[in-house]
């Protein structure tokens, strides 16, 4: 399992398409920084194929005022959980 | 007439939508730097509403190896023409 | 109210980036505050992901990095009262004006072009 | 030929940015060259607008800023022969492999994921 | 016409500085005047006096200095953006108790208000961003 | 586990440095080791010794130095990316005939090969980019 880390939103950047093209069936995707906008119900459809392997970083959701707007399908983790995800993964790939 | 200057391609960034939203009926749009990719026949449809007011900077097309791939609807200008466009415009707005 | 909206002034600052991920929003707001302090009539347009800069409930970033919320509170003090947003940008994000910290007038494209044409200096961030 | 393509190695460098507009492509290629010089098996994946880095007929930028074309010619010297591109990225731009300076194997998404999984270190630029 | 440029991109990372320098030459060649280049956001890195690019690459800091020498173009750097990023002239370095400095004339640290004055005072302001 | 971070964003312009520092604290708190932070692309600007941010903002350069002092984390800066951008230590400054320097220990200028060694030598490399 590989952890993919995305810091851009589908509402402004198309890099998410490349990230999805690089994901294997067990891989996980973590939204961080401005990428947490992807967790909005209006944006999350872009990540449909990721299913329940989609995560978003709580601290960045809170900083953006988006913690109350997050789609229910997204698993919210704090930065400790972020580290745990990297520990569980074989490696990480950052998309920006 | 306002000259809008865009340095991002619709193939990776959605800023072109904001640029188009800001354009009046006489305004012109100049593609520069990585934005010249927007002059490819596959991309130029994103600028359909701009009609014959779409320009691309020759020097950047050449640097990217794209001068032979440019759509016929795009007016190609060199950097002297870029300056002329700014002289003719009331002001310029850069989108990035 | 939309009909009475004044779409001109000296300086228009267009804010296209959300808070935190980059310093564009903060440096753009700084430019607006300085222009107002210099006695210019300043308008702001929140566009693209920049509309998130208006969102209620923003907090500081990691390590206490400031967001835009404190700066937004300063706008009125500097007499910056012409706040606009791109209605389509907000709609694309699925948000409504009710979730915003400050009232901003939603504009459709023809009015956005008028807003840009109506200001002597337009700075994008 | 696609069937024989080897999708693993030590270091995979993913190049997502076109030449000139930023230094990402050049700094990514530098990382690939250094990895090869250190004796690692290096693969390159051109993805997104990065596929334009492979395009024939590139020139220098303004003021003589180098493009990627000279660096591409050095890849063989450094024994970097595993060149891949995202087939969908190239198709979206309406380009074909015939317009490319160097041959690169087009990959569809499942193979891209295998490529990433098959390398110990993956660097994106 | 009287022009000013706003440069917001770091040299060597974005094409903004290259594009702005190329545009400068072209506007001067057409008989216009370039009053000032204002550096903001990551554009302030253009003022780093210690820049040492490889010899076969353009030396952007020197190119800005030549523009100043040949055409009298002012090179103004936003002081707030610069201090955060480690670009201090001798005066600011001593004010902040730091030894050494990273910005030298003809680059001048100045307030953001200058950008507004410029933008409203010249005929054309053109922005080059990353 | 043994970690290394690759930081590619300029401080004060992108969140990359903030995110990397926050991640560093969290990984150390979980009992992991942070061997090295490698700075490349605009990340090299994190090593600017003269950075003088306003007092109510985080001082990122100092935060990196504390990480080194408390946890022995190496702070390596790609020398080629740094020289272009005006970041020179005393040795490089004198080699290039420049007076003054902009990088100081514990930041070390080093070759890009170190990044490859690190990436293959540690258990996890995590990239923070603009």
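All chains are identified by letter, namely A, B, C, D, E and F, in their written order; residue positions are counted from 1 within each chain.
Please note the rule applied: contacts are C-beta pairs under 8 Å (C-beta built on N, C-alpha and C of every residue); 3 or more make two chains touch, one makes a residue touch a chain.
All values derive from a computational prediction rather than experimental measurement.
Listed here as common contacts of subunit C and subunit F: A, E. Because subunit A and subunit B carry the same sequence, their contact can be compared by residue number, and over half of the numbers here are used by both.
Greatest centre-to-centre distance from subunit E is found for A, with centres as Cα means.
Computed from the mean C-alpha positions, the centre of subunit C lies at a distance of 40 Å from the centre of subunit D. Averaging C-alpha coordinates per chain places the centre of subunit A 33 Å away from that of subunit B. Computed centre separation for the pair subunit B/subunit E is 25 angstrom, with centres defined by C-alpha atoms. Chain contacts: subunit A has residues 7, 11-12, 14-15, 33-34, 59, 91, 93-94, 96 touching two or more partner chains. Among the residues of subunit D, those in touch with two or more other chains are 20-23, 48, 61-62, 120-121, 124.
Touching two or more other chains at once are residues 12-13, 15, 19, 22, 41, 57, 80, 125, 127, 129-130 of subunit E.
Contacts between chains, counted with the stated touch criterion, involve the pairs A-B, A-C, A-D, A-F, B-C, B-D, B-E, C-E, C-F, D-E, D-F, E-F.
If you check the complex, the residues on subunit C that touch subunit F are 20-23, 61-66.
Interface residues of subunit A, counted against subunit D in their complex, comprise 2, 14-15, 17-18, 20-25, 27, 90-91, 93-96.
Those residues of subunit F that touch subunit C in the complex are listed here as 12-15, 18-19, 21-22, 56-58, 60, 63, 130. Subunit B makes touch with subunit D in their complex at residues 7, 9, 11-12, 33-34, 37, 40-43, 59-60, 62-69, 79. Remark: subunit B residues 5, 7, 32-34, 59, 79-80, 82-84, 86-87, 89, 91-94, 96 touch subunit E in the complex.
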